[in-house]
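Note that the chains are named A, B and C in the order they appear, and that numbering of residues resets to 1 at the start of each chain.
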C-alpha cells in the first residue's frame, strides 16, 4: 500500500544534472541547504543539550555554595534520582499521562472524529472541526487556565453536573491525573484529527469498496483495510504526539501544580521543581536526560512495531 | 472549516481520490447508499455535535467571565454584561506593547524557521542519502526536550554571545527549537510534490535551488502556511524562553506578562483575567482562520506527517 | 558556482542576524568613562505589587537630578516569587548582567552570599549616620552566615492572630480576646465550632500548595513558640528528632481532624490565601486566622477586596507560646532588603543610591504603601505611619519577640520537607511521630548527618 508520495518511487537520487562535477563535490553541494538549519540547531540546541548533559554530572546550582563552584559528582545525581521516592512515582505518572492522553486519547479520538467527519453534514463538519481546532490553537496558558476553571470544585463541570443532579467531586484534588489527562486530550486532539482526516481521505476507495463487496462490515473494514493502509501516518502521529506530550508542563502546572502532594507530578514538573524552585540545576538536568531516554524508548517501540517503511 | 481535504487541486498529477464518488451517498470510501447509512449519518452528526459541545465548554467560561462584571470561577450568565474588564486591561503597557512584541517574536521565529526548514527539507526529501532517517529521527527527539531544564546553559550561552535582551537573538533561539518539527513537516509536504516536475527542470540545466524556488515552493504553498502557523502558534505561547532571555520589560511578549497575570490567582479579578486571555488568544485564532481561508480548502496537515 | 548563491545566502542570513543582534543588545553595567557610572537596579514588579517600581522610579528621577554623571538603569522583573529568584540568580551568575543593586528577599540572602553574589556592606554602613535608626532586631535579617551584613532591610512583617469579632461574639468570646496558651486557642476554636458549625473556626496554612506560607505562618509560628527551633545557630546544625517538632505537628493534626480548620481540600488549594482575606474573613465564614501584618493591604480602598468595615470587625492578638512560657508570644519575620552586587564596578555610588532609596522619607512611604512594618525607629514614630493602618502599632510591637528563619541555602528543601510533613498529618496519612521521622530523614539526606543535632 502506498501513501501518496510518488516522489519516493525511485525517482530520488537523480538530482540536477551535473555531468562534469566530481561525485564528491556533488554530494557535498547537495548538503549545503542544510547548513542554516544545522548551524541553528548546533549552536542553540546541541550546545545547551551537551552542557545540560554535562551539568547533570555536577551539583550545579543557581544559588548557594554550589553556584560559585560546582563540583563534578559523577553519577550522584542519577543515583539520588533513582533512590528518590518521588521519582518512580513521577516516572509512572508520566508514562500514564503519555499513554492515556496521547497514545490512546488523542489518537483514538482524532481517528474517530476523522472517520465521523466523513459522514457529517458540511456545516456540522465545519463548526465542530473549528471548535476542536480552537482548543489546540489557544495558547497553552489560556488553555491551562480554562481547564483549571472547568475542573475546579466550583467550576463549570461541577455546575453542569449539579444541573443534572449529580454532586461532582473535587476533580483537581481527588482525580488530578484524570483531570489533566482529559485536559490534554481536549487540547491536542485537533492535531491527530487533522492528520488522520488527510490520511484516511487518501485511502483508495476501491479497496474499501472491494472489502465491502466481500462482505466486510464497517468495523472490519476499518480494522483490516483502513488502518493498515494508513499505518505510516499512525506511526508517525503516535511518535509526534508522544514526544510532545512527554514534555507537557504548563497545562499540569497551572491545573494542579503537581499536586495534591505529588499525585500529578510528572517528570517535567519534577524537573522544574528541582531546577528552579530548589535551584538545583544539575539535578534538574538529570531528570531531563531521563526524559529524553524515555522519549527514545517510545520512539524505538513505535518504529519497530509499526515498521513504517513502505513495503 | 473544511480543512480536511488533501491538496488535490494544487498538485497536478495526483488523482483527486476523494472527489471520485464511489456511488450515490457520502463521498469517500463509506458505503454506497443502503439501509442503515442514513442512520449512520444521523448518528455521526449527533456524536459530532456532542463532541463539539464538549470541546467548547471550557472555553465558555472564558467568554462569559470576560463580559461579567463580577466574575468568579463558576461559569455564570453575567447579570450585567460589561466591557469594563476589557478596558481595564487594555492599557498599552499591559496589553498593546506585549502583544506587539509577541507578534514580532512569533512572526520572526516563523519566518526564520520556515526558511531554514524548507532549505533543509529539500536535500532530505530529494536526495536519497544514508543519513536521512537517522538525522530526522535525531532531530525529532528534540521535540521532547524540556526547555525548562535547558534554560540555564542557554542563558550562559547568550551571555557569551552577548545576545541577551535582544529580540533577534531570542528569535534565533526560538527558531532553533522549532526546527525539528518544522523540518519534519516541511520534508513531508515536499515529499508530496512529485519529483517528475523537477526532473524536467534538472534536465534543462536548472540547479537544485532554482527548481526549489520555481517549482516546488509554489506547489507547497499550503504546506508552507501550515509550517508557519504551527511555529507561530508555538512561539506565541512560549513563556520560558523570552522570560529568561529578555531583560527589559518593554521587550517582553504577551506570554510573559500573561503568565504573571495568571500567577496571582484570585488576587486578580477573574473577569480581567478572562478578558486578557481573550485578547491574547484572538490574534492566533484569527491568524489560523485567515491562513486557512487563504489556502482555500486545502489547508490541512495532510502531507505534514507521513513519516 | 550554481550553489554559491544559496550557499552564501543560507549561511550569511543567520550570521548577519547574529551580528546585528550582537551589536544591538544591551551591554553590562560599568563606567562609560571617568566619573560616569551606570547603576543597574533589579527588582520585582508583579501584578498589584508595584510599590518597588514606584519607589525606584522616584529614586531614579531624584538621584539622576542631583547627580548628573550617574545613570540609573531600572530592571523590573515581572514574575512571581520563585521565577523572580530564578531570574535574579541567572542575572547574578554573569558579570555582564549582574545588577548593582537588587531587591533581595531575606529568604535568599544567606544562599546568595554563599554563591558569592553579594557585597558585604559593613564598611559602608559604619559611615552611614542613618544606620543607627534601624532596629537591631531587624538588622539580623540582612546577615550572612559569616556575620557580615549584606542587605539593608526595607521593611519587615510579623505574624499573629487575626479574628472576626462578630464570629467570636457569637461564641461568647470577648472583643479583646487574647489566648495565652495553645490550649486556650484550641478552646476558643471549639467554642466557635459549637456556636456555628458552618463557620471555620481557625485557619492555619498547611501543606505544599501554600508553600512558604505553610512553613512560616503555619508551622514555624507553632514550633518557635514551643521553645524549639529548626536550626541550632551556635553549632550551625539542623535539629532533628525534637519533641517540639512532633508537638507542633500534633497541633496541626488536632485542628484538621477535629474540624477546627478548613477541610484539607480547601486548605490545599493554592488560592486559599486569597480566599481567606478576600472572602472568608469579610463574609464571617472564618473566625480566627493565623496570618501576617500585611493583611489589611487587601482591605484598603485600593486593595483587591476593599472592606472599609475591617477596622471595626477585625481584632488582633499575639500568637501565644505553647504553655504561655516566656516571652509569651511568638512571631516570625521575613521581609525584603536591598543588597549590592558583589561584582559592581561602582560600590560607593551603588551604596549611595541605596541610602537615598532607604532614607527616612522613602522608607516611610514604602512602609505605608506596602503595608510593611517599619524597620527604622524614626519611621515608626511618624504619626502618618501609625495612622495609615490601626493595626500597625500592634504588629510593630511583635518585632521585639520576632524570629527569623534559618534561611541557608538548604532552607528551600527543608521548608519543602516541613510542608510535606504537615500535609501528611493534616490528611491523616501519617501520625505526627511518623511524619517527624520522615522529616528527620529528609533533613539528613539534604545536609548530611554531620550537620544535624538531636533536639
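We adopt the following convention: contacts are C-beta pairs under 8 Å (C-beta built on N, C-alpha and C of every residue); 3 or more make two chains touch, one makes a residue touch a chain.
Fair warning: this is a prediction, and the values are worked out from it, not measured in the lab.
In terms of inter-chain touching, the protein chains here all touch one another pairwise. For chain pairs B-C and A-B, the one joined by more C-beta pairs in contact is A-B. Rounded to whole angstrom units, the spacing between the C-alpha centres of chain B and chain C is 41. Here the CA centre of chain A is 15 Å from the CA centre of chain B.
Residue positions 2-3, 6, 10, 13-14, 83, 90, 93, 270 of chain C each touch two or more of the other chains. In chain A, the residues touching two or more other chains are 16, 33, 35-36, 40, 62, 276.
Residue positions of chain B with contacts to 2 or more other chains are 112, 115-116, 119, 152, 156, 172, 207-209, 259. Of all residues in chain A, only 16, 29, 32-33, 35-36, 39-40, 61-68, 153, 170, 173, 257, 259-261, 276-279 touch chain C in the complex they form. Those residues of chain B that touch chain C in the shared complex are 112, 115-116, 119, 151-152, 155-156, 159, 161-166, 168-169, 171-172, 207-209, 243-244, 247-249, 252, 256-257, 259-261, 263-269.
Those residues of chain C whose C-beta lies close enough to touch chain B in the complex are 2-3, 5-6, 10, 13-14, 17-18, 20-22, 24-27, 45-48, 75-76, 78-80, 83, 87, 90-91, 93-94, 96-97, 270-271, 274-275, 278, 298, 304. Listing the residues of chain C that touch chain A in their complex gives 2-3, 6-7, 10-11, 13-14, 82-83, 85-86, 89-90, 93, 108, 111-112, 114-117, 207-209, 265, 268, 270, 408-410, 412-413, 416, 420, 423-424. The residues of chain A lying in touch with chain B in their complex are 3-8, 11-17, 27, 30-31, 33-38, 40-41, 43-45, 47-49, 51-52, 55, 60, 62, 113-114, 116-122, 124-135, 137-143, 145-147, 149-150, 152, 154-157, 159-160, 186, 191, 194-195, 197-205, 207-209, 212, 218, 221, 226, 232-233, 235-237, 239-240, 242-244, 246-247, 249-250, 254, 267-268, 271-272, 275-276, 281, 284-285, 287-288, 291-292, 295-296, 299, 303, 308.
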